[in-house]
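Below is the structure I would like to discuss, written out as structure tokens.
Chain IDs A, B, C and D follow the sequence of writing; residue 1 opens each chain.
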Amino acid sequence: MTGPASHQIERSTLATRLGLLAGAAVLLALALAPAYLGRADLRLLGEIFLYLSLASLWNLLAGYAGLVSVGQQAFVGIGGYLLFALTIFGGVHPLIALLIIFVAGGLVSMPIAALIFRLRGAYFAIGTWVVAEVCRLGFAQLGALGGGSGISLPVKVVKSIASSRAGREAASYWLALGVAVLVIAIAWLFLRSRRGLALTAIRDNELAAASLGIDIWRTKFVVYSMVGALTTLVGALIFLQKLRISPDAAFSVNDWTAFVIFIVVIGGIGTLEGPIIGTIVFFLLRETLADLGTIYLIVLGIVATIVMLFAPKGLWGAIKHFTGFQLFPLGYRVRLAKGGKQDSASMKRDAEG
Amino acid sequence: MTHRSNRRQFMAATGAVLASPAIMGFSRAYAKNPTLKLGYVSPATGPLAGFAEADSYIVDGIKKVFRGGLMNNGKSWDVEIVVRDSQSNPNRAAEVASQLILEDEVDILLGAATPDTTNPVADQAELNEVPCITTDCPWQPYFFGRGGNPAEGFQHTFHFFWGLEDVIANFLSLWNHDGVAKNVGGLFPNDADGNAWGDAELGFPKPLAGAGFSLTDPGRYQPLTDDFSSYITAFKNAGAEIVTGVMIPPDFGTFWSQSGQQGFKPKIVTIGKALLFPSTVAGLGDRGVGLSSEIWWSPNHPFSSSLTGTSARALADGYTSATGRPWTQPLGFRHALFEVVADVVGRAADMEDPAAIVAAIEGTSMKTIVGTVDWSKGPVKNVSKTPLVAGQWQKSGGALDLVITSNDHAPEIPVGGELALLS
Amino acid sequence: MDWLNAIVQGTLLGGLYALFAAGLSIIFGVMRLVNIAHGDLIVLAAYLGLTITMLLGIHPLVALLVLVPVMALIGYGLQRLILNRTLGEDILPPLLVTFGLSVIIQNALLEVYTADPQKLQAGALEIASLNIGGLAIGYLPLLMFVTAVIVIAGLQFIFYRTALGRAFRAVSDNQDIAQLMGLNRRHIFAVAMALSLAVVAIAAIFLGTRTSFDPAVGGGRLIFGFEAVIIGGLGNLWGTLAGGIILGVAQAIGAQLHPGWQILAGHIVFLAILAVRPRGLFPRMDG
Amino acid sequence: MADPVLQIRSLDAFYGDFQALFSLDLEVASDGVIAIIGANGAGKSTLMRSISGMLQNRPDSILYQGEPIGGLRADQVAGKGIALVPEGRQLFPSLSVEENLIIGGRMRRPGPWSLAAIYDLFPILQERRHQASTSLSGGQQQMVAIGRALMANPSLLMFDEISLGLAPVIIRQIYEVLPKIIATGMSAIIVEQDISKALEVSSHVYCLQEGRVSLSGQSDTITREQISEAYFGARSDHGLA
């Protein structure tokens, strides 16, 4: 049973490799979408990608690092406002502004982390929310950015991205697609890295992880700042589409956190695939029911509640439970050489922990 | 040449028709009559829902009127109205506006009720080059709030309502009352309306000073504040006898009961927005009687509909008998919005061309149930003003009624009584 | 004088915040439940209170006799049917489910009661005031403050002097071992939620008498409640009252400096306190 | 022989998908004392959790006074007169010493044990009764834990690893009072790592290994070799210390 020749350790199964192949094909098809999809569909897909990014980022934070934040709208809003400030007052080209915003988001998240990492569990959640409220009220005091009234992005700023409307729409679509791919790729690579492994160890057992010499604070800090930077970038893209920003819209806990939590939980928290499924379900619901007004929101609340109560690992958790399939291989499976007993369960360290 | 035909040709050519949800709109080319698609965004749910409470009554009525189609250049156009809820959320307003433009491919975008709806809707229309008409938001927060430049204006977006200068003028004539010191306390929140009303250049401060009133304005408070003691103290110290502002109902409720508790007794209280709806004022009980407000529209307005000939009184009565609810001011403006659309369709040179529709909107000059709408006479480009009066909530025979007490700036609207002081 | 007035009014406002927070404090202390729907439950109770006053033609304060038991019953049912299933090590399930509840309650209220702002009529009580050395103190805020003190004292008594309170603390300390004492934690939790919503009923009547409300105003007040609980420290109801007063006074002082800083000042004081004392000022239990 | 107070019949216990006990049989005679020994992970704590209702199983796999209780919740089991002194004492930190005792007696079952009787048995607790339970020494905390269980006036009292982490002198004191307590009329299950202590106070001993009973017999006749074998499995050649 021992000895190097009798088994090999691998991450992927055949199904996973096929899945990745299919994923690559889908990605290619999505990248070429501006060539064959209409404006409305592009716009909707763009919005879907941005929500997918927010959901994946929140999932990284809560599902992997155990940092349940209800204040991610702070970063979305800061991203949006920075975009407006840089392009309107700084005269910066929007695409360059995005790079600056990404860096700025990381920088802003660090002092916030230093403050709120002193809090645990529910205190942490409430603390993040208060920080976001402080941002909302703070930006409401900035008269130059419209104060509480809000401010519109001049059409000429939008037009500086591309001169033709089709070009703008394609650019805006690719930006959204790009950031979604970037977020998912970063999350995947990160979780496969040393720090990512440490993160999973922390989630599974903080005490044990500490005894293994993992610096918990530092690991969480890195995740929080990374997620902060990316969320800020996503926020800038969101308001590049909305064209108008006001404190209540920018720092809306419902739009940028509650719905995102719904998405992640419905899809399956703690998996990379969950947010994708959740985003699809969320938009299916929205596109079919949103005209019903209050009824739509009631249905959304009920669906999220039911999933949490009866399928706490979400839809993807249920799919994985029945099929064992995973799209993004994170776990190791031990495959024994022929004649060996097939026993992957004991050594599998899959994403579910 | 429109984006729509562009896309259609392209899709037909590539055979990607089936892949697109827009297939529903595609059938139009084959229909007997062409269809005009109107998209309408309003806050049906959420904190602003009061502004949209009459919407479904109006839209249902308008659909009946439009059933026979609208004539354009001798051709009858079917009209389809797509209503979307902004959920009182500017994010959502922008989203549904863009959906209406891109997905439903509406020909004209309409929007109403407060800057939180009109501005994101108009912004989306301007960027996507779709004709857009909005109402029910003073024009300054609409125009300057969107970064408008009076010299240039906007290309595709139009608005009709009154402006701050009208509300100021009306309030001033309301306040020119014997036995009331010309000493005003201002309550302006840090939101689009409050910042516009309190703006040093465009808002209340300058005209008030010009008319010999002194204004105590401690600053912009955050909406949904739980304590107005600092304001009350400042007003008391300044000896204010008049209070004004533009508030949401919960904030005014807090301020008004704290005023009572802390012994602040102004003689006139004239507040925008919070006192529009009868239900809000009724909720204040006896403390609601005698409060005053701007009046954009009432059943006593001597106007009638260009579409149906219905008088203001008949429109309000129809609403009350159909829903059992008292009339509200947005009622007239919702109706007028569709009056303008019908008028524009009648005059547009080419309904397939957004530029022609825009030209027709620019050329509008008509009498509606809320007064004259004429974009050539606006204070700035893209804005047309409707008449404004002011009045007071008075009790007559046990029922609260909003009585017009000042018509200095729109004499065609008759006054119904005199302003009574609160104390 | 202006400053003194600001502090007095801020303290009285703190009473309202403490009433919002007391219900949260109970369930947070007993079962670490972060109830995002708390604010919406207050608004629900205000609407029920309105319906009761309209139907029976009684004063809002008298309506409490009906409203308190009704809300307690709702609380018991809510906990046993839904929230008990979410409790465990992870704070996310209760957070999400109460988020969902918040959305459901808000929109259901909109369906039933429309968006019209409503207000409870308390007659002359609303504006009557007491004059102490030039300071006008309204009877209503005073009554609110005194009620908050009585409610907090009552809860503190229940928590630390009665068999029910022992059961609360035992379950809070260690659910498994408490079960071994014959305590059914599902029942204990439901009783805690019933108590919490009984306090919500009281808070709702004062909120609804104080100013007008509509289905959307709940969420905005929620965060002050959480802040008061956390400032005060887990398991300490007097701490919750202190937390409410600290917030109220911070807001009043902020407003005196500049109206725009009113709410901001409360949040900043909260963050400052947590930066120095991450468990709050007077914790009596471990999180 | 009188009917047994507790009968366990082919008990399978699971944590999710993981099976911790396999078809386990066990019996406690009325007024009998049994000891359960076994290595870490053998399933002793799972057995305690199963009997006390903290872990739920097939109802008829555990019969208490002839009644199936395997499917009951812990609070229901407690109501029937089964009490547990949990491993690691697990006092309620926010309750005072006396409150810890009182809450143990909240079922109000009739019997000899009351606050006064507990203070009689452990006088030091009376002195410390208003202190926070966490301020006591380990031995005193164990006294509170035992007192808390006794306050329920149980018919079956279970001790889970009561000597774990305590000084030898304290362990000796506790084992001195144990027979006195049991003599007031109850059956007992003692889970213990210290085999000689376990054999000393019990009449019957069960040894668990990997979730199964590997040995059972009279405490006074069983041999060290048998235990050693039952502890480590058949192939073991280790002796016991």
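Simple rule for what comes next: contacts are C-beta pairs under 8 Å (C-beta built on N, C-alpha and C of every residue); 3 or more make two chains touch, one makes a residue touch a chain.
What you see is a predicted model, and the numbers here were worked out from it, not measured in a lab.
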Chain-contact steps, minimal, separating chain D from chain B: 2
Chain of greatest Cα-centre distance to chain A: D
Chain A and chain C, separation of their C-alpha mean positions in angstrom: 33
Distance from chain B to chain A - Cα centre to Cα centre, in angstrom: 38
Between chain C and chain B, distance of the C-alpha-averaged centres to the nearest whole Å: 37
Distance from the mean Cα position of chain D to that of chain A, given in whole angstrom: 49
Residue numbers of chain B (touch at least two other chains): 45, 190, 220, 222
Touching two or more other chains - residues of chain D: none
Two or more partner chains touched - positions in chain A: 137, 140-141, 254, 294, 297
Interchain contacts, given as pairs of chains that touch: A-B, A-C, B-C, C-D
Parts of chain A lying in touch with chain C, wherever the complex brings them together: 62, 68, 70, 115, 118-123, 125-127, 129-131, 133-134, 137-138, 140-141, 253-254, 258, 261-262, 265, 269, 294-295, 297-298, 300-302, 304-305, 308-309, 312
Chain C residues touching chain D - in the complex, by the definition given at the top: 163, 166-167, 169-170, 172-174, 176-185, 235, 284-286
Residues on chain C engaged by chain B in the complex (per definition of touch): 2, 5-6, 9-10, 13, 16, 107, 110, 114-119, 121, 123, 126-129, 131, 136-141, 210-214, 216-217, 220-221, 224, 248, 251-252, 255-256, 258-260, 262-264
Chain A-facing residues of chain C, complex: 28, 32, 34, 82, 85-86, 91-93, 95-97, 99-104, 106-108, 110-111, 219, 223, 226-227, 230, 260-261, 263-264, 267-268, 270-271, 274-275, 278-279, 287
Contact set on chain B toward chain A in their complex: 3, 7, 11, 14, 16, 19-22, 44-45, 83-85, 87, 89-92, 94-96, 98-99, 102-103, 105, 115-116, 119-120, 123-124, 126-129, 141, 145-147, 189-192, 194-196, 220, 222-223
